[in-house]
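Worksheet for the structure shown next.
Labels A, B, C, D and E are assigned to the chains in the order they are written; within every chain, residues are numbered from 1.
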Amino acid sequence: MGIKVDFRKRYYNKKSDKKKGKEASFTLDVQFELGDELVVLFGRSGSGKTTTLQCISGLLEPNGGKIVVNDNVYFDCHKRTNLPVQQRSLGYVFQNYALFPHMDVKKNIAYGLKGWNEVNKEKRVIEMLQLLHIEGLEHNYPSQLSGGQKQRVALARALAPKPDILLLDEPFSALDMVVRMKLREKIKEIQRELRIPVLFITHNHVEAFTIADKVVIFHEGRVQQIGTPEDVFYQPSNRHVAELVGLSNIFEDAIALNVDEAPETLVLECGNLKVITNKPDRIVAEKVSWGIRPENLRILPLTDDAKSRENTFKACVKSVVNKGASKVLALEIAEHKNLLLAEMANQFFEDVDLRTGDECLARIEMSKIVIF
Amino acid sequence: MGIKVDFRKRYYNKKSDKKKGKEASFTLDVQFELGDELVVLFGRSGSGKTTTLQCISGLLEPNGGKIVVNDNVYFDCHKRTNLPVQQRSLGYVFQNYALFPHMDVKKNIAYGLKGWNEVNKEKRVIEMLQLLHIEGLEHNYPSQLSGGQKQRVALARALAPKPDILLLDEPFSALDMVVRMKLREKIKEIQRELRIPVLFITHNHVEAFTIADKVVIFHEGRVQQIGTPEDVFYQPSNRHVAELVGLSNIFEDAIALNVDEAPETLVLECGNLKVITNKPDRIVAEKVSWGIRPENLRILPLTDDAKSRENTFKACVKSVVNKGASKVLALEIAEHKNLLLAEMANQFFEDVDLRTGDECLARIEMSKIVIF
Amino acid sequence: MVSVFLKTDELKMLEQVWFPLVITLKIAITSTLLVALIGVIISYLLARRDFRGKWIADVLVTLPLVLPPTVTGYVLVVLLGRNGSLGEILYDITGWTILFTWEAAVIAAFIVSLPLMVKTTTAAIEAVDRDFEYAAFTLGRKELETALFITLPLAKKGILAGTVLSFARAVGEFGATLMVAGNIPGRTNTMSISIYSAFQAGNNELANLLVIILITMSFASMAITAKLVNSWKI
Amino acid sequence: MVSVFLKTDELKMLEQVWFPLVITLKIAITSTLLVALIGVIISYLLARRDFRGKWIADVLVTLPLVLPPTVTGYVLVVLLGRNGSLGEILYDITGWTILFTWEAAVIAAFIVSLPLMVKTTTAAIEAVDRDFEYAAFTLGRKELETALFITLPLAKKGILAGTVLSFARAVGEFGATLMVAGNIPGRTNTMSISIYSAFQAGNNELANLLVIILITMSFASMAITAKLVNSWKI
Amino acid sequence: TDKDYGQSQITKITISASAVFTEAFTDIEEDFETEYPEIDLIMNFGNAGSLRMQIEGGAPIDVFAPADTNHMDILASKGLIYNYSQKKLAGNSLVMIVPKGNILNISSMEDLIRPEVKRIALSDTEASAVGRYAKQSLSEEGVWNGVQNKLLTGDTVKNSLVYVERGEADAGFVFITDVSSAKPDTIEMITVVPVSTPIAYPIAVVSSTMHSEESQLFIDFVTGEKGKSILEQYGFSIPQNG
């Protein structure tokens, strides 16, 4: 079971461009093979996530390749198979919802319940209304709903028929945190209960982390990395992934030097910024990029004993931004004028209590340095 | 200057309901007075945020009240003033974008630049394309854009004419973190540069916190609290606000007892859960609600000396969820079976390294308890 | 039905007025139902399917609008008459000739109002956002179901406009009808034909009366349509 | 123009064909331009404005479709004739009577095709999502600008359908035209009228030739329209 | 339209004539205009009823020549024509026709009551001259009641012709002048139907004319020798003007 895709889709801005043999304005080329799990598609805006879902759903026809879901061949370019959308048993939440404007909420939700008897239909609709916290809106028309309500109706409509695969295009983007957190749980539950592949697009790191079994990272139409949230967030495989998962401090073209005294470690030299790190298992090139997540920078008061530890630099605070539960500090390292972002929970920030202009020590945690 | 509103808007699900004198299905009743600052409207889905923007923009006519922006009376029920939308000099990003489908990106953005000469128009459009990182898409039609690209075009279109007030309805909801963070800065800069009121709807806590000068909290059509992000996030004025801003641990109907030995403190008794807190400046009722943010719960290893401190309870870990940079633990307090959520940065979590089933100590930070 | 009346002057007047009214409504309603049904199908295909020679189908449908009704009528006589290609087959099978019956008038009205229905409805269907159809497909609904419950309801304003036009045209149809159905008192003398011949005969009184009735009828049916539209949510 | 031809049989044929074609195009194009312009304005008001007696305006526009064209023509003759209310004023001012001129035919074609334009366009405009208009308002655009650059372009498929219908109807118009413009060889004998009279006179050769030309013309103009539509992004 | 008005001495006269006169009047127009170069004739052909309605409506018509006295009478009773100018222009005769071959062997009006004769084409019995004359003759023959349910009362003579041509009607009544406009070899003329009042088409000057003299000139011309000969050429008989 699960989902196995390997296909290409090309967009041309003008119909004529294709005939003229011009290069496509956007080319999507994806391969992945995943089980019945909750997969988050993660990527920059315009990287091809929606297009991927559309190809899997059959609303777009790929230009080549193969798509197999739950052992059904949805699409196979060579065999000219292209299963009609209707036979794919999908639950698809469109990025723009596409609620039927001439049906009220109840009818919208019930629309996919073809062949259910009236009693079961009614029951299922009520179930869905409750699940998505939209009870009381059943007789509203889409034009009488708020953005977040519309989104939940779209979700309800997609979930109601218990599909064989769920394609959710940013399904929570318009929801407040309270419902959003509840719904994350529900979606996970539903996935576990129905044991179906769920493809979930989100731009929210926390959401990706808390909900995903696997994360597929897109960049400019190509899959960059596939793995558990921990894999991709803590071990991004390249610069694009790194940026995307919030590894804000990135240094490119660092020279990796072996240290004779400590064969387990590596020195990364990037301009005049030198850091020591654990040597990764794989062999690294001479020139590498490395990065560190803001929350893996430790901020310490300016005491001398701390300063002597590895990867610890004197820095000047350039700005402090309150993110609510944590503060983000922009630090300029005194020696090499590099700018680093550090994030720390408010409760620990209180201990150092820094303001713009203050000086402090910043320690790049050796074990948290990511080389790619 | 700034914005001053005090109006009511009633929705009826059926036209006939209004005539029949039935109760409205939704009533919005807002008052606030704010300067030329960046104001975040924050509230549950369906609480009336979009409706508020629509009334201010003139796309909806309130049922009563007054709206004054930058000393211009936009709407005054008594004087029957209702300034046409066109004369309000707005920049409005619709929740559904409403890009003109028959114009390419460039034309969409330029559409509000009435009366500009061609050279300036061209310059401004290019400026906007760069600002929003959508260079290269200028000849795409809306149907050829991804969700996030559409959203940025909508923003560009609204910003281009340098309006007197910006109404942004979840303008970043479809953007990836990288652009999103850049654009947060840009919007703040634009607000400072143009010195105009900016009303910004978002469901993202961090966004609200980092971008807002003031936050207006909505609940069921009413303003609950107005204040700086710190005010509303750390001192929510009631249960609704508390839930909304992520004060996940809420205890209602606690009895507030004065402690004779320590007049500065208060004991909150809620069932058999007792916590000590600093007495707030204002007088509190006998029955209060209180809450604590998950990140203000300290998790400590099970050592005896820690246990004796105030508000420290033995707890059992029910679940651990990785949010990426931090972990959220569901804790059951051994004595009273209350469930508490605690959040801690990964780096500190490593120190305690708990798993489901483990036991630990949870300390509710006295100074962080919020009474409302 | 009519012949039971005694032919006093008053009754004759009644007959001259009542019969055309009934037959007109019968013809117009039948033809409009047919046009609506078939027109919607054709429109859907034109709007949503791609096939070779689509524009030729488009022109063929529009043609009856360009030709003078008499010519259309003549073509129909040639086709449907006892000796016409279609009519002969029909005659051989049933021994019945459709020419000079009210059914022939229905066919004439159908042909001349079809272009109105098709053009209007095609435009309306094309204006329906395909996303709604796609959503229905993902919910397992076949194209037919989707067309019936999603596309057409969303195009209903255009369909109604087309139907109103077709009905009006059927009521007003005259040239082609006269040719294929004749002007047989008590059988095929529609309002239009009666008005025409009353005017031709210089019987302005009767003509005016009929015109007034026709106008009243139009107002009434339009008022009903307006009410219907008002009750729509969308 | 025509009189310079020598009246040999061949030239006469040419004249019998060429003149009706030119006059028909002249009338149909003029009337279609007018109908498109005025029809769009009326449709916009019907679709986007609320006013008292809106449905009455709606019925009045549709009326010419219900009435036999001859009656419409008669009403126009009464209005535009030297003794008619409008005609009298015109005559007093200019000493000119519009009846029996090609301008009269334009008026007839205008009146009978207006309902087609208005119904189709109104439905199309109503189908345009108001959010786009609201967006234009927030960008400081007046209603007129918005209508011109947002609403109408978005309703263009419907407007085109209405225009095609109106053009076809204007080309095919016959009953009312015959009444107000007469059948004056060399002045007002349009294709339809020529076909009609050739047919009546038993001149089937000419009638067939004219019908073929008319059909060719329709195909040509439809092909142009189809090309136009194909080039549209939306 | 510059030549329509306001130019030199050319007077424009509009003649509204029934369609039967189309060819004859077109020929006459040529002759007339050579004789009177200062007069420009504008020929407006149509069916008599419509032409009458145009005049009633105030259309700028100078001379009216309907193929039906009825319409002239209606205008006369309203004072819309100059009675003094009215003249008989041309005569015509009613004929009975059948499809080529005459399978039903119809030879007289009595044959029409035979059951195998199912459909009889004639024009509107009130609105058109053919219809009225045919009804009158059928009544006089005493067969009216027998044929009443077989009648196909089309709009114009042309409809009747088409029906008979295509064998949709078993017999029909038309004017002798119409027979030539039928498709060749499709119909047979059976008899000339006797009518009690001779069929004569009138012509008169419309009273709203502003060129009554010139209009009169035209009437004189068509009813004069040249006109007569052309009319006869097209199958009309020339009535005695009384």
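Note that in this section a residue touches a chain if its C-beta (ideal position, glycine included) is under 8 Å from a C-beta of that chain, and two chains touch if they have at least 3 such contacts.
Just so we're clear, the structure is a prediction, and the values are computed from it rather than from any experiment.
Least step count on the touch graph, subunit B to subunit C: 2.
Shared contact partners of subunit C and subunit D comprise E.
Least-squares overlay of CA atoms from subunit A onto subunit B yields a rotation of 180° to the nearest 5. With centres defined as mean CA coordinates, subunit D is found 59 Å away from subunit A. Subunit A and subunit C have CA centres that are 58 Å apart. Centroids built from CA atoms put subunit B at 22 Å from subunit A. The set of subunit E residues that touch two or more partner chains comprises 50, 53. Listed for subunit D are residues 70, 74, 199, each touching two or more other chains. The residues of subunit A that reach two or more other chains are 96, listed in rising order. Chain pairs that touch, as defined above: A-B, A-C, B-D, C-D, C-E, D-E. Against subunit D, in their complex, subunit B makes its touches with residues 57-59, 84-86, 88-92, 94, 96, 98-102, 111-112, 114, 141, 143, 157-158, 161. Interface of subunit A with subunit B (complex): residues 11, 13, 25, 43-46, 49-50, 95-96, 139-140, 144-149, 152, 169-170, 173-180, 203, 205-206, 208-210, 229-230, 233, 243-244, 246, 293, 295-296, 298, 321-326, 328, 343-348, 365. Those residues of subunit D that touch subunit E in the complex are listed here as 70, 74, 77-78, 81-84, 87, 95-97, 99-101, 178-179, 182-185, 187, 197, 199-204. Listed in rising order, the residues of subunit D touching subunit C in the complex are 55-56, 58-59, 62-63, 65-71, 74, 115-116, 119-120, 122-124, 126-127, 155, 157-158, 160-162, 164-165, 168-169, 171-172, 174-175, 192-193, 195-196, 199, 207, 211, 214-215, 217-219, 222-223, 226.
Put simply, subunit E touches subunit C in their complex at residues 47, 49-50, 52-53, 70-71, 74, 119, 124, 126-128, 151-155, 159, 162-163, 166-168.
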